[in-house]
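Shared chain: chain A. Partners: chain B in the first complex, chain C in the second.
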Partner chain A sequence: MNFIRRLFESRFWALTLKEIRQILKNRQLIFLLIFPPTVQLLIFGLALSPNVDHLSLGIVDYARSSESREFVSALVENDVFDVAAYPKNQAELGQAVRNGQLIAGLVIPPSFDRDLNQGDSTDVQVLIDGVDANTAGIARGYIQQTINQYTRQLNPQFKTALIETQTRFLYNPGLSSSWFFVPGVIGLVLTLTGSLVSSVTVIREKDIGTLEQLLMTPAAGWEILLAKVVPLFILLMGDVLLASAMGRFVFQLPFRGNFFLFLALSGLYVFVSIGIGILLATLARTQQQVVLTSFFFNVPIIQLSGAIAPIESMPKFFQILSWLDPLRHYVAIARSLILKGVAVEALLPNILTLLMFAVVLLSISVRRFRSQLN
Partner chain B sequence: MVDSFLAHGTEAGGSAPSATIRVQGLHKQYGAVKALCGIDFSVSPGEIFGLIGPDGAGKTTTFQILAGVMEASSGEVSVLGQPPREARLNLGYLTQAFSLYADLSILENLRYQAGLRKVPQADFRDRATELLARMGLSQFPNRLARQLSGGMKQKLALCCALIAQPRLLLLDEPTTGVDPVSRREFWDLLAGVAADGVTVVAATPYLDEAERCNRIALIYDGKIQQIGTLAELQADLALHRIEVRADALGETEAVLQGAVSRASSALVDLQSFGDRLDILTPNVAQAKSEILQLVDQQKLAIPRLEANEPTLENVFVSHLRQQGADPIYRAFPFYRKPKALSTEAAAVAISADRLQKCFGEFQAVKDVTLAVRYGEIYGLLGANGAGKTTTIKMLCGLLPATQGGMSLAGETQNLHRAEVRSRLGYMSQKFTLYDDLTIRQNLEFYCGVYSIPQKLHREKIDWVLETCGLVGRENQMTGSLPGGWKQRVAFGASVMHEPDILFLDEPTSGVDPLARRQFWRLIRDFARQGTAVLVTTHYLEEAENCNRLAFMVAGEIVAEGSPTQIKAAQPGQLIELVTAHTQRASDLLRQQVEPWRVSIFGDRLHLVLDCPEQELGPLIQSLQGAQIEIRAQRPLPFTLEDAFIGTVQRAEEVSP
Partner chain C sequence: MNWPMTRQTNRQTNRPTSRILSQARKELVQFSRDRLTVALALILPLGMLLIYGYAIRLEAKNIPLSVQDLDRSPLSRSYVERLFATNQFIPAPLIDSSPLSSLDHGLAKATVVIPPHFSREVAEGGSQVQILVDGTDVNNARVIQNSIRGVTNFFIQSLPNSVRPEGIRARVRIWFNPGRQESLYIVPGIFGVVLWVFPSMLSAIALVREKEQGTAIQVYASDLSSTEWLLGKGLAYWLVAVAEAAVVMGVSGLLFGLRLQTGPFPLLLGTGIYLAAAVSFGLFVGARTGNQNGAVQGTAIVGFLTSFLLSGFIYRLENIPFPLSLISNIIPARYYILLTRDAFVRGAGWAGIWFVLPILALQGFVLFKLASKIMQSMQLSE
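Here is the complex of A and B:
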């Protein structure tokens, strides 16, 4: 009881109450906390998919036989390719691929069924638009795979290789790409919202000139900042819950790990993102400046984190650089807890790094807070 | 330019040749609120007409109706012989907020305004060159508007309003927050514009400025209470002012205050200043003998008495008091023991020793040395950019000094420790309240952050609300309050914790004269309880409330002392001239003496001369040589503003 009374009489409570009252009156902030995270999650989760299907395929079938038609139907069976055109000749096909009307082209030679019937191997020509290297690679692999299967079907004794890999996908058996993306996007959303919202609440005092007055009160820098952080932290945890609920019910994420551990570690990351925002706010002079600089920082943080593009596909230098990216650690934690359900021990290096980030960012901000008027 | 304006002046009106503005029975209602209830006045061509009144009296509404921005609820308004809406192209309207585009240059702002008002390109170049030269802005036509000082911004805004050669200028508190030197220049320019035949209607919270109008209307409660020239208003008041200077000023004040409240006394009103008391009385001789008798009874030292004309502020305050418009005064609920000032007389609250501040190459503050004792009100005065705000920020620990020593509440190290700061009160020039909180929430916040015991919150907050006249409106959003009211709440918020040292940076900017008087009464109460007060202001009449003053020019203190000492230290004499052609006389005199020595006050000229015995004769001869008849001349005592402008200009002449 005594403690509670002391809390309500403390400076810290006066500061916090002021922040809460300001936040409650700030519709824009509430909007910023709810609308963009929802939209970002839906867009990244649903639209951003590396799966390749319904690629337009052009076919020049010089053989015009039942075998060649069978081969084509084997290719389009899985919806990876749709036959979009039957150009008259090879030149026309080449032209269509060059124009971008077709992603891939297949030329079946006139000797196709004759060669196969004689037991000889035959050559088919494949043209692939290599502009989108990723799609091209997948298309190539798929065509190769279909040809191998087709060959085996015709000639069971035919051995392509002595060792054959049997791949089993762990954790994401259906290879649903949204499972990969959504945990990353939760991290992305927390970074963007956390840094933006915190920098705006801090810079506003500077913008309207109340900061000077606040610095003249006996309140210490840490009290002022902590009073700003606490209500934002609670609100951003609401964002974590919102994102988790969407992950669970919209994207059917499994949440295999301890959910409370996930919440606690997300809370740790929320502190990091608030720290980024406050640090930017003490460096900038106006609201406009802080919004623009946060763009400058947030884009590389997101790109390097592996939230969207896999870190393994980056050049070595950037892979090393990504260790300095707090979001990378959070994304690793989120994926491990949501998809794999690992124990906390396995995540210790990531957790310690995040903790370090939170402490360093917030303490620099507190130190800068008082001297920022100069 | 002069000719073209004159041409305008003579052709003004047409069907109504006598009046530029004619207002009859003007009413305006906002819902249930009556902003104006029956206003009548008319303004002649080439006249400078002043509107004065407390905050919320209806001044801005009147301007908006005259400018055709708003429709009247009822009544007749004719501007230049037309309804205001149709006269819009012939009038310029300047509001409190700078109506400039901060990211455009001086020339671009002018061109934009000219474009809006369809000024032909050929005319634009000539007019722009001439206007900028006249306002002293021609050296840097490409400087961005936001890089200009407040005074220069207002001059540019005036240029923008004048570029289309309007026949009527409406100015709604154009000089709020502008320093005295720039303000005086601004009004000199207005006098010139009016002499060219442009009619000027201006509202101002600064009554010394209003004295420069040809006629003045006092507006209160939506009605015009009084209208006339300064002399007419003074005569109408039928009171004289006696300045009382004494060594034991506090005791003398207490004795005389007792007399004022007695009906039989010849003393009608008493106002306390930093080193003098002002008494209003209908009969000077009777009042003087009464004062001497009272003082003698109490065995106090004999005061020095000086009879004078009442000021416009006396007129304003006396009249509004009769209307019951005086804000409620309630003593602050002090819980701190008053400092025993006699024993601690030597205790210095704020001191600075050769304080310096450099921003890069620029030396903002040079060698400032000052000391403020507990119980003392110390004023820091200077033009914009003179280094006042930088000095105050260093003294209260917000900015580190580049060089020099200082102490605050007896501490010299770590001035921003919480223990030191809890003994300070600070009210900055900018907004110190949160617009998005209610008035009560703001006050609760400051109570909490200064750790005022919970059980005292209610009493302190009630005190602020009552003093500000906001009882019953405490749940209103602070952002919706007019500027003057916000300042009052902000003052309340900064003193609730009974600080030992109070920093006030332009506390009364935009506050009306009645509220300003109340403000200073409260500040004096705090000083009497032992609080050291350091205050900056642009309003020199108000600086009379300080016990000691320092004038700053270009980062240095150039004069220091009590208001009386500073005025007495001014060399020379102020002379008032009444001539037949005020503007021509002024132009002629300005060719012979430095321009700052001459200024126009309505139909009179104020002239500052260092050696009047030798200088005045030749000047008068040259006026008479130019066929300008001199109707009257008399010496006047310096006001603090005269002293300020003289000091600043002389200091700038020495080091340009």
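Here is the complex of A and C:
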């Protein structure tokens, strides 16, 4: 009780109250805390989807037989391809692919059913637009597998392959793409909002010159800074809850791990983002410079974190660089806790790294802040 | 205007075109004096090109794969060998002899489980291999499934008792990008993002700065009309944007080996119009907002999010679901990316992309009209 009374009478408490009042009065700040995170989560979660389905397929069927039609319907059965056009000949098909109207084309030779009935093999030609290299690769895989299966069905004695592969997708059995992106975007949102909001609140006092007035009060540097950090931390935890609620109810994320562990580690990351923001604010002189430099920092932080494009597909150099990216560790934690539901032991390396980042960033920014005060 | 040049050439400034030109010249001089903005204009686009150009790859190479071989026969060992011979997978340890725990710890992206009597079952006519794939990364989960199946099919053909049924063989050819280099897909897309975000940001800052410093009011007092003023500003920043485009495209030619596949006219014309639209967007945002902060935020967040996420830059446009797909239809970057991909990869020329130019021109015109309308009403109310 004594401690609580001391806290309420302390200078620190007065400063914190001042900060809270200032934040609540600042409409722009409240707007920044609510609107951009919501929009970013929605757009990233909905718009980014690597699905490969309903690719437009053009068919030139020189055989025009029931066998060839059956083959085509087997090929489009699983909705990877939609038959979009029946060009008259190969040249017309090629032109349509070149102009970007079709993504793939299939040419069935005139001898298709004759060859098959005689027990010979027959060659069909497939052409795929390779501009989108990733889609082209997956589309090629589908075509080859479907044709393999279809061939086996034609020959009852080979119905089962010698080795059958049975795939199980763990953690995300429906392969829903928002499950991959949304945990990453929660980290992205915390980085952007946390660094922006904290740098803006620090720099504004510098801009207006009220920081010097604060200096003249008996309050110590750390008291001023801590009083700034605590309300921001509480508000940003509100963002964590907002983002989790959207993840749960809009995107149906499973949250398989311990939710309180998730909240605690998100809190740790919030400290990191506040540290980034205050550091940016001590580096810059005006609000405009803060916004520009934060843009400069945030693009690589986000890009190397694996929130948008998987880290495993980056070149080696960037993979190594990404270890220095705090967001990478948070995204790994968020995905593990939300999708995999792993225990805390599996996350220890990430947690320790984040802790280190929080301590280093905050102590650098406190030191720079203090030296600027003197 | 306290700029000596415009006073001296008073006689010339009677004609609107020369008034616009001298306004543009003044703007360029002012721009070149602001070190921070010049650095921003050249370094940021290049930095973004390098990060996106090298770091965005969708297909993983060197995927860590662990194997639980319960058979331990020569056959199973040669199957495992074949899996790793593709260079797509690298071996990852199996933890606690459970197929799941190396996935849980994130040490492997997939585990292949070979059943105990694998070689006997294969000899007798059929066995099953189980593949557990980490489905977190949806795209690579599919890639992994496809390539393990592909390797398995290949392995089956090498088996002594495999009788290949005669049937359909697919001769697959991949056009335009036979080696499936992802940089050929990503880098032309970066042009769409970078050449939208930065030109619009610069022109928005320039416009807002005059409003903040109050020099915009001096313009109202002169005989310069608001449209002429905006045209002059726009022209200056359009020239800056052309320089940025030349730098970004030149560097990508050197680093990523991009080469023009068709005549340069569609690209040149389209880039010119696209940059004009981007500058107009910046002027529009600048006219709407009151401070530089808001201008940067507006162009960075709106311009960046839309040109990055709703333009088909990373994944196919067709995958954007319904209400959002409507928005993507009015995003200029979406059309411009079609044009750059055609110019640098596909090479079909006008036939596939002629519609891009009128659409971009219309969008640029509308944005400019909106900006000048706002400035005009501001001038009247002043």
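Throughout what follows, the second predicted complex is superposed on the first by the 361 of 374 C-alpha atoms of A that agree within 3 Å, B and C clash if a C-alpha of one lies under 4 Å from a C-alpha of the other, contacts with A are read in each partner's own complex, and residues count from 1 in each chain.
Here is the rule we go by: contacts are C-beta pairs under 8 Å (C-beta built on N, C-alpha and C of every residue); 3 or more make two chains touch, one makes a residue touch a chain.
Just so it is clear, the structure is predicted and the values come from calculations on it, not from any experiment.
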| item | value |
| --- | --- |
| Chain B versus chain C as contact partner of A:E212, first or second or both or neither | first |
| First, second, both or neither for A:K25, with chain B first and chain C second | first |
| Broader residue contact with chain A after superposition on the shared chain, chain B or chain C | C |
| Which of chain B and chain C A:V126 touches, first, second, both or neither | second |
| First, second, both or neither for A:R370, with chain B first and chain C second | first |
| Partner chain in contact with A:V299 - chain B first, chain C second, else both or neither | second |
| First, second, both or neither for A:D79, with chain B first and chain C second | neither |
| Parts of chain A lying in touch with chain B, wherever the complex brings them together | 8-11, 13-15, 17-18, 21-22, 25-26, 208-210, 212-220, 370, 373-374 |
| Interfacial residue positions of chain B with respect to chain A in the complex | 393, 396, 398-400, 416, 418-419, 421-422, 424, 426-428, 430-437, 441, 444-451, 453-454, 494, 503 |
| Parts of chain C lying in touch with chain A, wherever the complex brings them together | 36, 40, 44, 47-48, 51-52, 54-64, 79, 100, 103-106, 109, 122, 125-143, 145-150, 152-153, 155-156, 159, 161-163, 165-178, 180-182, 184-185, 205, 292-293, 296-297, 300-301, 305, 309-310, 314-316, 318-321, 324, 328, 338, 341-342, 345-346, 348, 351-353 |
| Contacting residues of chain A [partner chain C, same complex] | 36, 39-40, 43-44, 46-52, 54, 71, 95, 97-101, 116, 119-138, 140-145, 147-148, 150-152, 154-155, 157-158, 160-173, 175-177, 179-180, 287-289, 291-292, 295-296, 299-300, 303-304, 308-310, 312-315, 317-318, 332, 335-336, 339-340, 342, 346 |
